[in-house]
Structure formats: structure tokens, C-alpha cells
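In this document, chain identifiers A, B, C, D, E and F correspond to the written order of the chains, with residue numbering beginning at 1 in each.
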């Protein structure tokens, strides 16, 4: 695929690694925000090849992982309603709710369908006018434009039996929350490349300034990640708390203006609970009042949900970078991809899942 | 099973046959009304063992066979409605409607269920309050008490989502219609035993008198049928147009009084079309006005039905005894149990089906 | 629940020739035969010559019988056994009907998502016990899982390899006029046992499925020295189907005596209640045998000496008349044709 | 319709140990293995010793390979083939993986009521052609029909008998440190071809299933004289599953080089789009071979001379370290574990 | 056979000689355990008169005996 | 790649290098055949700047060469 192969080239990777080694004089701890970046790092072994002192702290950028438990339970309740067709991305099916998950509910007879795109859910709604179709709209700013367009279309086409269960989360408030944490060790950020493809880079200078951290927009292929790290180390070594862009081919400073306009119209900022972390003010999006009729939370009164998180799971600490997955006592024992206790072991972008899949050779407990 | 084995005893059968042979001096043509009797006769080979001159003319007593085409089509239309659970006896599923049958409709997704008893259909209605459950109430007077009780219960228990598609037919008017036919060759009747178990024998003396035919109430086991024939021959030989009872163990003269009372309450006499024969006045039952709310014909407006009978099928003539099944040109060729053109080839009580199953050895065309 | 699922009640013959698969194609009767003869055999380039219970082939100098059957019986557990018993005994028996000593079985499972693992375990246990009792080894297998809308509990397909002794030539084309028709015991038992617990049709009965491995009985019959020409286990479609198939394959007529048919009272009563003919009801632990006229005595004696053949008897003869047709003399002395069932009175009976 | 049926998209591992069958049990990965080892083998009184692609048994003095597989692929027709092709080639290949010459196949069909007979006919035709191409005979079979809520189109189960030559000892326990790991050609092809036409997931691709009979290739490899120790066709769970199973059975580690893996661009792109690892994607016309160190050259040469092995190459070695684990050196020079898939990324892929 | 009320309707578990089935007895309310009834689609529609049955069978037995004694007709 | 309107939304059949999929182009309305886009759950969210990509790669090629020329740092 164009511009993926080239950015995986091992020779150039070696060159980038050599440069990183060449410019690193001190230990540095940087956080890659996006779960896709975490996956790529672990899968390709990038962390194994960096200088000893460079630590990659894995961030909370896994939308599946941070969807609050209450929202999962709400999804389960809605999906269990007769007449509902509940649509979701595949990863969400196995995320543990309080005692069950969407997959269980599906195998008990609920009509739960995995879709590739929210537009697929809208098509289902058009095809089944007698059913209520709900799409589980989770994700960062990367996914929000898709959901926005879908709701916009639903209104335009008069598709009344469609609604969105929204649980969008925003990166910049998460970065702020991470830095506000007393035990924070993060000295720089690799910002999420595709989030910035949409939102641009204008939210980051203020964060860099306030918290005195370099923030470098970074992509996902091996060379992109290495270049992101390289630029970050250069800024750290020079003591420059600036914003850089190591993914310019996909990230113009202004991001995607039509998408941002649509997001402005369809969503409004709200407080959001991040699973395992807690409520971060103004860190999420909900449907704006103009689109409130498509809000599944309003359409389906699901009553009080009594949530029930596993007491063993330390996913919140993993997501905030306080611990690495294998430092959780349950990792590989009570908690495996087969019997996941937390979302970070389920999601393809979750750190626990990545460590379990790729790193059992090094991890003593296994 | 008690009182079935004894009435199949081959030694006693031989004795009865010998008596029949002994008392028969002239050719006689008698009609067994009930399809169950036809089946038993053909299955056991009774007709093969009678004196040469005794002809058994097979009558129209096969409720599946005589259910009018319009009613089948109405059933198909109702069964095809979403939300309907259509319940029926098994035989009805393969009876040809206009171009399709209940089985086809079922395999195309309609919820068609075979039940053993109308009470089963009522149970289904209670178990599925969100669905409309319809029971196909066909049959002679034998079956009507079951349907009556079921509707009575439905009202008593307040089961609103249950209805009956009624197509009951009555034996005495059929006997009269047979005798009124100009080409009628019938000289005596073996009346249907279990119809009389319910209705008693009081409707027959008038018929015997009017048409000058002996009428002998007859059962179903080999000895019952032979005894019915024997008594009939005795009456014919003596020129006595009287009513006899060759099935006294199951037929008291008054029949079943509680059942007759229920029938009085639940049903009222109506004209009825007999498939292949035509409309016989006052020959059927429909729900009385007190129970009209449970009438599926009222509850489901199915609009105009354009019926479409196979031009080759001569089932009406078979049912009236004008021809024997193998005298129909389509018998065994275009029409087989596999590809039945008429109901008489489908029903286990139909003459065409009985001949096809049991008599292909003798029938030249096969 | 008192619903009778359509499939459990009546024989869904197609109204007209349909372009689609109907339940009747699975009935082991005329429609099944047509599907095989008109669709599968031509596509496979195989000849309709054999169509016996198993194929007899040669590999590495060994004469082998090879057979397979899928088991989709519903319900999976019924009085007297389970789908596991059928899956082992059914294939063992098909091998035995070619006169082979069954040796090895393969077992392939198609599981419906959501099926209780305990149920799967019970079935597997039953298979292990049945295999041990039959003297065969379960040596290889497979498991597939399908989504809940695409399956129904457990489907099992077993295939079996058996060894055919030298000179053993048993097959459906070997019947000749004058041969004697034997049956090893009571008929109609398995079908009634399964039907008794079909939804909506449940009736109490003392009837237990007769599922059993017949290789030992066959060995005893062959060991008697009598000329056993045809063997068949009358499963789907019952004795009626088996005898019709043999009559057609051999080009002989079959003449039965109704009063000689071993129909137990409970089977007769259940069939009477349900409007079924015991001759069309499945058996899973019985065989019909066509033997040379002079061999009937000794073969019957050998059968009766075996636990699974205690009720063996002669029920008719092969005749030159009405070739391909099976005719019975009724108890009263009349005659009636015993038809090859067309579709399936009892879907998913095995 | 643009819906993606759940079963086609993600790997439904159970949330917690469930008492029920889940799709993962059919994935050919860890859950499948546990079901076999913990439920089936104990019930059958069989030993977990072999668990090879087929069982090798002796009957009548002949050394036979015996294997079975059910085929439930969805959709039934996909670019490059159909369920019919898989049903023949899959079982032929399992026999070949024991070094046997495949001879006879049985075919058992479970048909869903309502399936177009034309579809059944197409599948049967494909099977006939595939059997002819593979040099095997379809000799016996069975057909069952289930009601429309209990099936899904056509399920096929084939079983096969093959002849194993004297001295041929090929099995998953024979790998040793130092042995070379070979693959016969491009990987991940079949899975991508099938996925490309799954409902809601349809993407255009030039990829055609690689379904093919491998007995001729195996014969060529054995004929080269090199010591071929293990053969496996990496179907469900892909090369990852096969190598993990061999590593565990033989008690060796496997060390791969990612950059040597023959992953065609179209497969890599599709996997990237769908979030799949090509090593976990099914193949239906490829084999992995573990050969003695000195034999790699000659075996590779024999493979490359055969049409189905033109792309053969070495992809790694067996090592004494990390026994039972497969580890790959990434293109960048890091290492990552290649896990045994747990459940099933791609349900009903074959 | 056990008789019980269900939904206000008299029901019985009837033995058909080895086959047992639920049957509604509302139309034959005086039926007692040990008696025989004629059953149709789950309903007893008439009591079976055993005396009458035995008498009929006895009649059959007698058939032709008079002729035999006194010569064929 | 073919671009068409569907339900008033700009859609395209996008080639992912051998894999083709429907993608909504409404957010990248100026995208033309031959260009590359970043796609996420069926939506193009950004145009891929080819010049920038080539420049970045060229930069990588250059990395270390100065050091090599002038000695490791």
C-alpha cells in the first residue's frame, strides 16, 4: 500500500534508530497517546531497539479501553431490548461490562451486529424501518467525523429509527489530566497522528507551554514512530517545550476544516468519564441540542445501572502510564485475552493485549 | 390397544366375510362416508375380499379433502401475515391451494406450526401474547367439540390473541346432496362412527326414509367395517330402509349430550362449499354471533382471493363416488403424492392417496 | 411447550417439483435416492451400481469397507440413547452390512454456538462407550462451530473403515426369487422412541431406542455358513425403504406377510395414534437379511443364538413377480403395496 | 447489505470461562485444542500423543492414513473456489501431511431446507472435478436435511483414506533443534479471498483462494530423499497455529524471520485494512515442512520444481530455546512472539 | 391414568396401551380411572361401553355357528 | 477509483493497493482520482500530501550522512 511500505523500510529504520541513539544523552520518558501507536511499537519491537534510557509510557488513547463501564452497561441494556438492532465496531463486543459483554448478550439472542462503518448502521436502519437501530459511537476525534456525518445524514434522509450512543473522548484534555497527576513521569508526548489529521495542531501549543512538554505529532508506521521519537528527543535534549510535526504528509496545521465544521455542529463538549481514570472535565463530546433526537441515551431510558468493575484490574493505571501491563498482578494469570478482566486486555489497541500477544518471551511471569 | 386388537382378529374377520358372502344374493353399491373408513378398507384389503357384487363407493368424509379452495387460500393469506402464528393439523400443510400450500409458505418464513390439538394452539397464544395465533378449524362433527371447547376456553381465560378459522362440515347434508345427485348409484350408507359418537343417530331416520336407503353406523377397525357391511347387506337384501348401529360400543343413540350442548352454543349452521362438489346448503358450521370475535375470517381481512384449481383434477367426482381414483387420467401420472394436484391425493384419508399407496399392484396404469 | 414443529409431524413432500432442498430429500426415501442418483453421482463420476450401505474398496492389498453418515437427530437425547450412540452404531452397522469387521471411526462435529459444553461432553462420553462396546477405535476427528442461527445443538458425522473377509460378497443386487427375507427383531422401535419426546408430541411410552452395534450378529450369521446375500440396516424409511431399495437393485419382487411382522404392541399403538406405518419407521439396532432358500434355517438359528437377534424371524420371500415392488398380504387376506416412502414422515430421526 | 455479521469480524473469545460452545472453539487455535484434549480425547479413551493431521492405522496388513474434516465455509462460493473444492482438497491434504497417497473420500452433506438445488449441484460438480484433479475417488456418502432454522446452506464433511508408504514417519513430534522451517508459497491467501466477500466487509481484491491438492507436492518432497520430519497444512489459525502446535508437540522453539515470510502485497494490504496478522490467516493450498538441516536444499529444490511449490522458501529454524514458543525477528530487528491464536479471527473460513 | 384440573378444564393423562397422552375429559365428565374413552385430537368424545364391546365380539363368535349346526344357507 | 453520489453524499470506490472499498469523500471534497487519502471507518479524513511524503523519506535518506561525512556525534 502506498506510503505504508516506504515507511516500514528497515534500512531507513536503522538510520533513524542510529540517529536516536546518537542524540540521546540522558534518560527520557515520553508518552505515545494513541493505542494504535502502542500496538505498532510493541509489534515491531521498537521499544526494544531504543536507547536504554528512553522509556515509552503507553497512553490512554485506546477508545475501546476508556469507554466508561456505565456506558458499556448502558449499551448492554439497550442491546437487550426486543426490537433493537445494536451495531458496534468489533472490538467492543468483548469488552467486559458488569458481569457480561455484548457478545454474551448477542449469543443470548439480542440482535447485535458488527459493522465496519457507522454508515453501515444507517443502512440497516433504512432496511429495517420496524426496528430501532442504535450505533455505538465510541472513539477519539478521528472517528467522530464519521459519526457526525452519519447522524447528519439520518436527519437529512428522515431516518427516524436510528440513534447514536455517544461516548467520544478528546485527546488534549487527556494530556492535561495526565500532566496534572502527581505521579506523572511523562516529559513529552507523541501526539496521535490521525486525531490531528482531523483537528489540526492548534490545541497543542498551549499544552506544551503550560506543562513544559514537547508535543510531536506522530504517525503509525515504524518510520513515523521513530521520527516522532527522534524529534521528541531532539526537543527534550534542547529543553524546548514546543510542538512538532513528524507526520506532515497526513497532518496539515489546520486539520480538516469541513470535518471540524461538522463536528462543531453535531457535537458539544461535555464532561466524560474515562474508564479506570475517572471523570475528566470537558474531555468528551455529546450530541448537540440540534441533534439530541438522535441520542440513544435520551431515546432509551435504561434506569439505574449498578456497575461492577473487577477489583483485580489496574487498567486505569496502565492507561495513565503509571504501570506497565505485566506489573499488574493479574496479567497472564486471572487476566488473559481469553478471560479478560479489563478493556486493555481486549482491545487490539490496548497495552495489556499487545504485551500479552507479543512479549511473553521476555516476561518472567510467563 | 384395548378394543382395537380384538376388532382386528383375522379369524372373526373370516367369519364375518363368510357371512357377508352367505347373505349376498344381488349386486349392491354402498358408500362409506368417512375417509378413515376408506383408508382402513383399502389398507386391509377388505374390498378385495367382499363378494364380487358388493361395491364400496368412497364418500366425501375427508375433511382435509373437502375444505374449499377459497378457505385454503384464506389460510395461506393469514399465515403469510407478519406476526401471525398459524396452527394447523399436519395433513393440511400439503393440501394444494391456488399455486402454493402452507408448507411452501412456511418454508418462505411464515410461522406455521403443526399441532396435535386445538388446545396446543391456545397454549401457543398464551405463550406469545404479542403474536396473533390462528387455528385452522377444519373437520366434521367429530372434531368440532374440540374446537368449541377451545374457543370457549379462550373467552373464559381472556386470551384475546387467539382466533379460529372455521371450516366445519356436516355429514347428514352431505348424504342428502349425494342422494340428490342424478348420477347417484348409492343404495346404502355406512355412517361415520365417530361423528355419531358425538351427534348420535337421530338425524338419520329421516334421511333413510326420504331416500329409501339403509344407513348403518359403522366403526373403523376391520371387524367394525365388516359388521357394518354385513348389517347393511342384510337390510338391503330385505328391502328395509332403516338405521342400524354396528358400532354400539362407541355410539349411544343420543351421542354426547354435553358436546352437543357446547356445539349448539359455539356454532351455528351455515351454507358451506365442499371442494370439488360445490355449495351444499346448511352443510357447515360457523362461529355463532356470541363467539364471532374469535372468528379469524372477521379478524383478518384478506381481500379478494382468486382461486385456481388444477384443471386436471377430478377430486370432486372421486369424493362423490362417481369415479374411483384410478379412473382419473392424472392419477399416478401428473398427480402423485409427490406432486399432488388435489387434496384427495394429499390427505391420509383421501381415496386417491389410499389407492396410490396400497393398490399400485393392481392398477394397470402403473 | 405443546407445539409440534412441522418437521416432526408430517411428510413435507413438495407441492410441485421445487428448485430447492426440502425436508423430504433427507428422508432416506425416493427423494433422497433421486438426489443421489440425479445430482451427486453424475457430478462425482460415480456409478449407481452399488449404492450399498458402504463402499468396498482395495488399498494396499487390503479389502476395506468404507462408509459415512451424518447424525442430526432431534432431540439429541431420547429414551434408550443419544446422538452419540447413533453416530457410532450407525456407521459400525453400515460397515457390517457389507460383511465387514468394523475397525476405525472418524468423528466430525459441527457445534452450534451456545450449546452447553456439558451436552457435548455427554455425547462424547456416549460415543466412547459405544465404540468400546462395538470394538472400534475412534482415531481422528474435527470440530467446527457455527453461529447460533446456522446450527442446532450438535451434528455429528462419522466415517468408518472395516475389513472385508475374503470371498464375502454381500450387496443389494444379490437377491434372487425364492430367497428368504429375515428380520433380526422388533421393528419401528427407534422412531417411536425419538418421536415420543418431540416437542408437542410427547407421549409417554415404554419404548427405548434399539440402537446397537450389529457387527457381532453379522459375524455370527456369516459364521453359520449359510449364503447371506443381502444385508441392510433399515434406518430412515424403515423396513419399507430397505426392502424397496433391495427389490429395485436386484430386480426382484418382495412378498411379505403382515402377520409375521414383529411389531411390538407399544410401537403399533404409537403408530396408530400418530397415523404412521411401522414399516416406515426407523430402526437403529436391527437388520434385514436376504438369504438363499436353503440357508434360512441355519442363519435364523445363528441369529437367535445372538443377544441382538433373539427375535429374528422370516417375514417374506423374494419373488419373480412384480419386480421392484414390495407387496404384503394383510392379516385379513387382502394385499397391499408397501411403498417406498417418498419424503420423510419423521425428519431428523437419526 | 452492508452489515458485517459478528461472526465474520472479530474473535469472540469468551468473557469468562463459559459453560457453552463459543465460536472460538471452532477456530483451530487454543480453544479448539482444549476442547479436543479436555473433552473429546478423554471421552474417546484416545491419547493426545498424535493429534496430527490424520491418524495412521493398520488394517489387513495395509498402513493407512485416515482423516476427516467438516466444511462450513461462508460464503460457499468465493474467489478461487467453493466449499466443494475445500472439502476435497482439505481432506486430501490432511492425508498428504502424513505422507500418504490419498485414495478414497467419503462425502456427507447436511443441507438446509430451502437451499437451491442448483447450488448443491454446483458444489457437487466442484467436488467431482477436484477429486479427479487430486486423483482420488468419491466412493460413498450420505445426505441429511435440516429445517431452515437449523442449518445454513450446505455443510460438507469428507473423510479420506490414504496409503502410507513403508518407512514413512512424518508427524508433529519429530521436529528437532536445528531443523529448517519451510513454507511452500504465499501465505494468508485463502482467508483474504473468503473475507473479501463476507457481507458488509466486501472489498475488492485480486486475491483468489489457493485451495489445491498437495499430495503431488508432498510426493515430490519425499522423493527428493531429504529427511522430511513434519508436514502440516496451515488452515484455520494460519502458519501461526501450525508452528505453535508443532513447537509444542516436539518440545522445540521456532525462530522465524519476518522479512522472509512470503506475504503477497494484496494479503498484506487486506490484513492491514482489517487488523489481521497474515500469520493467523488460513491457507488451503500451502504446507509448512520441518526438515533436517542438511535436507533443506534438496527439499526446496524439489518443491520449486513442482507447480504448487514454486514460491517455496525457508522461513526459520527450530531452536532449543523457548520450547513450545514461536518467536519472530521483526523487520526492524526487534522480536515478538507469534501467538497461538486463541479463538477465531475468521469464523467459518473453511 | 391421573385426572386433574388445569385451567378449569378436566384433564387426564390417558394410557393408550403403552402410550400415554394428555386428554381433555370435559365432555365425558363421569369418566373414571380404568374406563376407556374414544379420543380425538386431545379430547375424549365418548365413553367406550365395554359390555357392548364384549357383546359384539361374542356375536361375532356366534356368527355362522347356527348355519354350521343347521347347514349353510 | 470511481467517484459517485449516493444519497447526496460523495462516495468513492477506493483502491487500497489491491483492496477496494467504498469510502465517503464528503470531508475531502476536492480529492481526485489518483490521489491518496487517509481513511478511517469508511470515511476519508485527510488528503495525503505526496510531496510531503517524498520529502520526509528524502530526509530519512539524508539522516546520518552528514555525521558519516563529518564524523559521528
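One rule holds for everything that comes next: a contact is a pair of C-beta atoms (placed from the backbone, for glycine too) under 8 Å apart; a residue touches a chain by one contact, two chains touch by 3 or more.
For reference, the UniProt names are A, B = Hydrogenase expression/formation protein HypD; C, D = Hydrogenase expression/formation protein HypE; E, F = Hydrogenase expression/formation protein HypC.
This is a predicted model, so every value here is computed, not measured.
For the pair chain C and chain E, chains touching both partners: B. In this structure chain C contacts its sequence twin chain D using mostly the same residue numbers, the overlap exceeding half. By number of C-beta pairs in contact, chains C-D lead all other pairings. Taking the CA centroid of chain F as reference, the farthest chain centroid is that of E.
Centroids of chain B and chain E (each the mean of its C-alpha atoms) stand 22 Å apart. Taking the mean of the C-alpha atoms as each chain's centre, chain E and chain F sit 87 Å apart. Chain C and chain D have Cα centroids separated by 34 Å.
In chain E, the residues that reach two or more other chains under the touch definition are 16-17. Shared contact sites, meaning residues of chain A that touch two or more other chains, fall at 1, 107, 116-117, 119-120.
For chain D, the set of residues touching two or more other chains reads 5-6, 18, 20, 22, 113-114, 265, 269, 272. Of all residues in chain C, only 113-114, 148 touch chain A in the complex they form. Every residue of chain B that touches chain E in the complex is listed here, in rising order: 1-3, 6-7, 12, 15-16, 18-19, 22-23, 89, 116-120, 142-143, 145-146, 149, 153, 156-157, 194, 197-198, 223, 227, 248-252, 255-256, 258-259, 262. Chain contact summary for the complex, chain B toward chain D: residues 107. The part of chain F that touches chain A in the complex is made up of residues 7-9, 16-17, 24, 26-29, 36, 38, 40-43, 45-46, 48-50, 52-53, 56-57, 60-61, 63-64, 67, 72-73. Residues 1-6, 8-18, 20, 22, 30-31, 200-201, 259, 265, 268-269, 272, 275, 322, 325, 327, 330-337, 339, 342-343 of chain D touch chain A in their complex.
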